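Next come two complexes built around chain A: one with chain B, the other with chain C.
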Partner chain A sequence: MVSISQLFPDERLERRRDLVIRPLPEIKMCMVYRPRPARIVTLNPSSWMLLEICNGSTVAEIEKVYAAMIGGKGRAAGTDDVHQGLQSLVDLSLIRVCEKRAKA
Partner chain B sequence: MNPAFTFAGPAPTSELLNDYSNPGPLERPMKTTLVITEQCNLDCRLCYGMCKDAKARAELSIGEWRSVIDDLARSGVIWLYIEGGEPFLKAGFVDLLAENTPRMFTMVRTHGTLVDGALAARLKEIDVGIVLVDLWGATAATHDALTRTKGSFDRSVEGIRRLVAAGIDTQTLFILNRHNVKELQAYCDLAGALGATAVGILRLYPLGHVKEQWHELSLSLAEMSEALAALRAPPGLRIMQSWHPRNANCCWQMSAINAFGDSIGCAYLREYVNFGNVLHEPFLRTWKHPLGHQLRSGKVERSCGPCAATQGSHGGCRATAYAFHGRFDAPDPFDLELNNGVDLTTLPG
Partner chain C sequence: MDKNELSLLAELAANDGAPQASILTPDVRSGSSFTYSGTGTDIVPAFLVVWFYTVKPPKRADFALKVNAYETSGVLPAAPTGIFYRGTYSVSISAPAPDFEYRTVWGLTELAKIQDLNDHIRNAPAQLKDLLDLISPRPAMRSEIMGRTKNSAPMISR
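Then we have the complex of A and B:
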């Protein structure tokens, strides 16, 4: 999937309200059903975590929360990794930009 | 997210980031096959459901299915794979489907012969996920001989065209056997030309009336492998097949209920297991049947390394393992590395 947009730190992101999220802790994955149009997606723990954080916070805030959740465990995710993860969730229409960045 | 449809599982934690192991037994089901009816308008030689035989019991009504699916949703299921018989012969089925597409990903397997423009438009409107159409040859002569129904090829092809035209993700299913193997390449070319997104090449199972015709229908493992190796996917068409090195043991993620409410683990296990009837007990109780747990565990006598690596599961299909060896933990003889000299053209005993 090719991203056609770029996220900015002050843009706010939120999960779609019609998603059905089915954690699969036994296999350390999460399955997400996104209706209209119907699609089922399996998320790895990093993407799953990002999805859970997207509650209307800004990209910059999400990065901070994500870094705090990771703590010292796992590979430290850089800003680029988080942006890429968020962009993938946008491309899959699992999250959306709920407040556009103010024009400069 | 809609809280009414959210499965109450644990929140993700950072502990999960460091470990990507193979699937283990699920605590709750996430995907269920519903054999919604055994009614059918064809008379297929490849029928596993014995659709034309008299039934000793009544099938679940739409109201009963509605209660069962509510129970499934409460149990954590978010993915329904619905087959028959022919699902579109079941009165009330499309309305039932429409009720559930907001909360579950849905796949419907059909012969496509009943799909007119109005039905295709309705399926698109209600947001069905994928429609899979059984089409078993590249020519009317081959397909109609396997369905024993003249004109069925043309009607199925027309159904596929209507589904594609309506904008529905449409895939075709091809049960590989001695009568259609020579048409496999032409078949995939046809599916691509019709606008299917994928072709599923399925193995033949010794179930229903197929058992009686097994020796005539079944290919040897070498013949199957040769046909698959020679296949070239046309541009834009995805080929799905489960032979080595992509032979999965799907039991870990599957559950299934037949047209009479029996919880059977997988549609291909229909003649071997019965975990209880969902009209009489909650689905989750049947899911926890000891044999169900054993099948999901992936504990098998032998595992094929390359298949385990690609599929994250062990031992291949449990239904064929049982059919040929009489043991649920036996090797799957359809796997090149696990076959061990088993002749697939002859059923044991």
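Then we have the complex of A and C:
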């Protein structure tokens, strides 16, 4: 299934505060307990990193930080991948848009 | 998460693929339960811990080399630690777990040695770490703990 991101660059994203995050770096994974409705979500390191940097910054800022950090370790981050990764975290209700973009 | 932790995470992410998030589907299984008494020996450990896992096909040749490097490295845990490496195997036919092509078997002289095995993995020597790094995180590794039948008693349905 192809996911088309609905996020815009100036939307601010933040992590839900009621998540229980359990890093499992030994197996390159992070497990997240999300209440209401209760689910356990598994994240690979790239998705886990996106979750960690969703601190109220805009989508564009998150992309920039992510690309800089991944790039600093020798891998180029695809913009589409980051958009889809963020959209996936929104769809799973791990992060939310905390500020709607201004109307044009 | 502080800056240092984020940098370590970036290292992991850089060696991984695009972001992936998915809801965990519980896979609840029941099994036989036993209590145990007695201990084992170096030759026949009282307990075996078996890992079930897979390695992505493009990495399998390298994995075989790393396994060989570990097995001939001279850093295998042995007496008197109470934990023993019992080999890594490629599975030819497996009806119960066809998605997992590899097994690694550890021996323990007593159940309490599970903690020592944990510590050994946590502080893995380089040769073991090289091997662990090639194990695919998905599907997630499964494991079994088995105790020698001569030492076992059913916990229920006596």
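Side notes on the structure shown:
Definition applied: the second predicted complex is superposed on the first by the 95 of 104 C-alpha atoms of A that agree within 3 Å, B and C clash if a C-alpha of one lies under 4 Å from a C-alpha of the other, contacts with A are read in each partner's own complex, and residues count from 1 in each chain.
Please note the rule applied: a residue touches a chain if its C-beta (ideal position, glycine included) is under 8 Å from a C-beta of that chain, and two chains touch if they have at least 3 such contacts.
Note that the structure is predicted; figures quoted are calculated from it, not measured.
Taken together through their common chain A, the two structures put chain B and chain C in a clash. Look at A:L13: by the touch rule set out above, it reaches neither chain B nor chain C. In the superposition on chain A, A:C54 makes contact with neither chain B nor chain C. When both complexes are overlaid on chain A, the residue A:I70 reaches chain B and chain C alike. In the superposed pair of complexes, A:S88 makes contact with chain C only, with no contact to chain B.
In the superposition on chain A, contact is made by A:P37 with chain B only, not with chain C.
Contact with neither chain B nor chain C is seen for A:I62 once the two complexes are overlaid on the shared chain. Of the stretches 57-65, 75-83 or 111-119 listed for chain C, only 111-119 runs into chain B once the two complexes are overlaid on chain A. Shared contact residues of chain A, touching chain B in one structure and chain C in the other: 25-28, 31, 39-40, 44-46, 48-49, 52, 69-70, 73-75.
The touching residues of chain A, when paired with chain B in their complex, are 15-28, 30-31, 33, 35-40, 44-46, 48-49, 52, 69-71, 73-75. Here chain B touches chain A in the complex through residues 1-2, 5-7, 9-12, 14-27, 30, 76, 78-79, 101-106, 127-129, going by the rule given at the top. Note for the complex: chain A touches chain C at residues 25-29, 31, 39-50, 52-53, 69-70, 72-75, 78, 81-82, 84-86, 88-89, 92, 94.
Residues 1, 6-24, 121-122, 132, 135, 137-138, 140-141 of chain C are the ones that touch chain A when the two sit in their complex.
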